[in-house]
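Chain IDs A, B, C and D follow the sequence of writing; residue 1 opens each chain.
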Amino acid sequence: MTGTEPSGSLLSIEDLRIDFVTDRGWVNVLNGVSFDIGKNEIVVLVGESGSGKTVTSLSVLGLVPRAHSRKTSGHIWYDGKDLTELPIGELRDIRGNEISMIFQEPMTSLNPAFTVGDQIAEAYRRHRGGKKKAALARAAEMLDLVGIPNAAARLRDYPHEFSGGMRQRAMIAMALICEPRLLIADEPTTALDVTVQAQIVELLIRLRDETGCGILFITHDLGVVAELADKVVVMYAGEVVETSVARDLYIQPKHPYTEGLLAAMPQQGVRGEELPTIPGRTPEPWSMPSGCRFGPRCSHAVEECGKAVIPLSVVDNGRSCRCCRSGDLALGGVR
Amino acid sequence: MTQNQGLHSTEPPIMTAGTMPRPKKPEEPAVRRRRAGRFGQLARRFAGNKPALAGGVLLFVILVVTMGAPLFAPYTPEQINIADRLSGPTPAHWLGTDALGRDTLSRLLFGGQVSLAASALSVAIATLIGLPLGILAGYVGRGPDWLLNRASDILMTFPALVLTIAIIAVVGPGLTTAMISLGIVYSARLFRVIRSATLVVRQEVYIEASISIGTPGRTILLRRILPNVLPPLLIQISFLLASALLAEVTISLLGLGALPPTASWGSMLGQAFAEIRGTPSLAVFPGIAIALATLSFNLVGDGLRDSFGRATRKAEG
Amino acid sequence: MLRLLGARLLTMVPLLLVVSFLIYGLIALVPGGPETALAGSNPTPEKLAMVREQLGLNEPFLVQYWNWFSAAVQGDLGKSFVNGQSVWSAIAGGFPVTLSLVILTLLIAAVLGLGLGLAAALRPGSWIDRTATVIASLFMSLPYFWVGMMLVLVFAIDLRVLPAIGYVPFAQSPTDWFLHLITPAFALAIVPVAVVARQTRAAVTGVMTEDYVRTAEAKGLRPVRLVGKHVLKNAAVPVVTAFGVEANRLIGATVVMEQLFALPGVGKLTYFSVFSRDFPMVQGILLITAILIMFVNLAVDLSYGYFNPKIKAT
Amino acid sequence: MSKRLVEVRDVSVVFHKKAMFKKTRTVEAVKSVSFGIDTGETLGLVGESGSGKSTTGRAVLKLVPVASGDITVAGQNLTDLNGRALRRARRRMQMVFQDPYSSLDPSATVAASISEPLMVHDHVSARAARTRALELIELVGLRASHADRYPYEFSGGQRQRIAIARAIALNPDFIVCDEAVSALDVSTQNQVINLLERLRTEFDLAYLFIAHDLAIVRHISHRVAVMYLGRIVESGPAERVYNEPAHPYTQALLSAIPNPSPHRRSERRIVLAGEVPDPARPPSGCPFRTRCAFAMDICAERMPEHTAIDGGGEVACHLQTSGPELSGAPLGDLTAAAIRPA
């Protein structure tokens, strides 16, 4: 298993707070997000709509639009540098080179006006330079690596000539062409069919083993990642509510929200019985409840939960949890 | 925004430069807003948009002063006064007089009636033809769609102005004929907008839902399609009004539309050009009037477009 | 690409047939018949009959049309009612003037419109964006012929730095050619500038929010390449469409502009022919205009295939 | 109970895609599909994109033209119904669509949307329709005060409740749920599933529940049919299909269900190579053969027949019928040896 000593970590997000400007003025969308990603480690960031997981992943590479957002505190440490304070030029040298990213919708994430080969090679030429021909040869190798048959010929295809699964493979090839140390995958399998989803997950595990890059995998589905994750970070309403080594989290969650998410997976339901639900819905950023943000939906809530702000505290064995009752609750994991 | 997301998307749309994180609407909006509805919401957004509001107010003022010309105009538009001819602005004639000594202000107010009514006429004709045919083509598809599309192709092979002038060559000059033919030419443009809006609406799942309920086609057209193609229709109408006004002015300027002694903004400009060396004010004021009226139509159109939001803009194609 | 071009040219043939038929059919609608235009102000029935005979109007309509159309295909558009000049040579004589005016106008529209739109799109919400939006709104609303008059008033009459009216061929003196055309071209360009600027701004800001632009950003591309490559090619389709629509509209607007500025182009010829009820000339002009516009539309359509390979595929 | 309500026999749906200057492409989206649903029963229809499951759901309601085959709902044969007669028949069968953001008219209030079927079929007064709409709104767990709001004011889960209220307004016998919960968050998804289950038992409804998420289908279906490239390849009681899948494709699909339990990490997962072929150019013979680990010569030659199997249901696979050395051998014993991880 993986140790996540700060010294050994590849990327370290520390107390990140981000606000967005909306019709209602500035609202807080990330509230003190902290976690580490170790070298060669797969960290899974889980949350439902509005949890802030995508904003977190985008902020690593500074892809949250600056005009409409502001950071009110926090750091993202990488290689001794704070990515949030790095001049944009230096950040661009890191993007797609040392840290790269793939996205949820393979259908729209490739530019329809250029060939697949051109777009993969472009990342390589941007960071490694050289002739276009050499970059294209390298792109063909990458397509082959991600399992696209007849790679050299398919370089000349346009994205619309690729199927969904192949486009996601092409995105992965593009992301890995400069041998990054960290790959951020934002819901890379959500838009794909189950069998293709399985292929992509297998591919990512294989590539991690072969290239040794760390992976930050963002998802809303705890099921997809059970066999992939080294560490799981659960987010709710802009906050990290629980971090844990994967196995422990599934067997014994510490936060009631994690427990609810695990129980809500349909695989967990008992036929003929009602499926467990979490009542209510995620609060909007402009109407956050005071105290624990999950409090109003929590079946274990006590009076104290509505009062003070609950900190993310270490519970045991490198796990942390944002719940004032984490000491006295015994929650159920997967069966 | 939300409907642009993929089927399984559970995260708000991603932001790149230029987009704003759009919050979902709250579950419990203020109590008084309940009955406001979609058009109430539109009105609120429109009123919150300063340029649009300014355009609306300007349009209102222009309509009031031109339609109330008999009340506001100091003279009748055809009253000749050779003694005072070609005077610049004076206390008696605030905006000066023309070559026959007629009062420019009075002619502007009455001429505005003529020009605005003419543009309204051609847009009304365009709507009467383009709206039903556009919905028909978009909803029924197949044969009628093919035929109507070819017909609009043919109409669109000519610049609107050239075709209108050619029709005038055949049937003779006159504002009404000119505006009717212009209306027919514009109907092709409106047809296209309505047709593509209908195509977009027809693909919507709620239309399929109505079909699956067993709702008759007529009811679907009236209750589901028509209300949802209104936004692009209104937007297009305000822009067409601006174009039609300009076309009226052009045709009258060329002496093919409003004929003397009737004042219209176009005929006034046409006569002014001959005197531009001596009395430039004759050309300046009608031009400003035309520009203000066009501006008000355009601002209202832009305001509607912004208020109806992104989904509508897509439907406009 | 060539196959597509050929196919598109083929579809133009039936359209052209229908359009030409309608153009010729227009004269059948003339009250009293087209012969009234040629027979003088108080024609005797004998005179009218004679003119009918001369013009071949006693033939069945379809035969008349076919005679006209087959001659037109061979480059013979008939003779003017007014001065007996060949319609074809009259149009050919005015064509360079009109073409000069249209091209100069489109150039101004391209440079100013694209520049303004792009500057606004790259800094949405900034003062550049707000200024550009205001300029575009104003330009959209100014009547172009009035702007022409005002420019003449200021630059030709008051300041005397530009010639007021008239035309000098390019071959004779490029400088004078330019000086005579710049005022009408600029006046004609204000609406296209506004339209192109708005389309460019809308298209570029739209493309900037696309997922693939974020992908390109995540690759570490610098802004020049990001916009110059990934954004512009995708934003081009609506902008090119706007150019096509404006080119179409411009051809109409030249009628007024050439009249105001005494430019001996096809626009002025159109105006004169309409006024003098010179039907063969009107027909010829309409036919040539329709063909020109079909080619402009074709060029616009073909460019879509280049800018968006997906369109080509379907 | 257990009265046959819906009978679908040999239904095919063919789409023609026209393109200028190109041959018209013919896609047989659904190929002689047959199934039945009893009163009060849920049939789960699963498959990946391009499998034709949604088209099948629409074909049953005759929302797409049916090329051949017979559809009977509640004793009425829909096959030759058209126009007014078809519209009338639709009061007994309704549909809930996938995307809650587009299945409600944005310009109509919630009450107006829900009353649409009442006004159309029962010609009730506006007032009576409203009273009924208010009842329905509360029945699906919303508040009557929501009636005059517009869809944009609601979350995805709430919109899906409104769509369900509209579907049950006329007390139908049968509802097609087309991916009705797949656009929702995990916790909301379960709320809607529970609502559907409650309504089913309360009103003795039958569902055709179309989904790509096998875990959900398992939870709510009595019987399951698996589609691949326009054909049903396996069907049967849910327990049998999930515990003893007979078709290699069903096995692969089931093994691809994300497994949340870290205890079972060691379990073999079948990762299918490649993707679903283009429906316009399906492979010869068995449609699955191009991705099947057991494909034999005969698979390329003939489409396998539907054969009844032990434990209930049918499967269309040569392994079950004419697989030479396999005949009679249960497929389960083979998997461990024969399946290679990709």
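Some notes on this structure:
Here, a residue touches a chain if its C-beta (ideal position, glycine included) is under 8 Å from a C-beta of that chain, and two chains touch if they have at least 3 such contacts.
The chain list, named the UniProt way, goes like this: A = ABC transporter ATP-binding protein; C = Peptide ABC transporter.
The structure displayed is predicted, hence computed values, not measured ones.
Of all chains present, the one whose mean CA position sits nearest the global mean of protein CA atoms is B. Of all chains, the one whose mean C-alpha position sits at the greatest distance from that of subunit A is C. Our note on geometry: subunit B versus subunit C (Peptide ABC transporter), Cα centroid distance of 22 Å, whole angstroms. Our note on geometry: subunit A versus subunit D, Cα centroid distance of 32 Å, whole angstroms. With each centre defined as the average position of its C-alpha atoms, the distance from subunit A to subunit C (Peptide ABC transporter) rounds to 53 Å. With centres taken as mean Cα positions, subunit D sits 48 Å from subunit B.
Residue positions of subunit B touching 2 or more other chains: 7-10, 14-19, 24, 27.
For subunit C (Peptide ABC transporter), residues touching at least two other chains, in rising order: 124, 210-211, 213-214, 217. Annotation for subunit D: residues 155, 185 touch two or more other chains.
For subunit A in complex with subunit D, the touching residues are 48-49, 163-166, 193-199, 202, 220-227, 246-247, 250-251, 260-262, 264-269, 271, 274-278, 281-282, 334-335.
Subunit D meets subunit B in the complex at residues 61, 63, 84, 86-91, 94-95, 97-99, 101-109, 116-117, 120-121, 148-150, 152-155, 158, 163, 166, 179, 182-183, 185. Those residues of subunit C (Peptide ABC transporter) that touch subunit B in the shared complex are 15, 18-19, 22, 26-27, 29-31, 124, 137-138, 140-143, 145-146, 149-150, 152-153, 157, 202, 205, 208-211, 213-214, 217, 248-253, 255-256, 259-260, 270-271, 273-275, 277, 279, 282, 285-286, 289-290, 293-294. Within the complex, the subunit D residues that touch subunit A are 48-49, 155, 157, 185-191, 193-194, 197, 212-216, 218-219, 238, 252-253, 255-262, 265, 269, 271-272, 275-276, 341-342. Of all residues in subunit B, only 2-3, 7-10, 24-25, 27, 29, 34-35, 37-38, 41, 204-206, 208-216, 219, 223-224, 227-228 touch subunit D in the complex they form.
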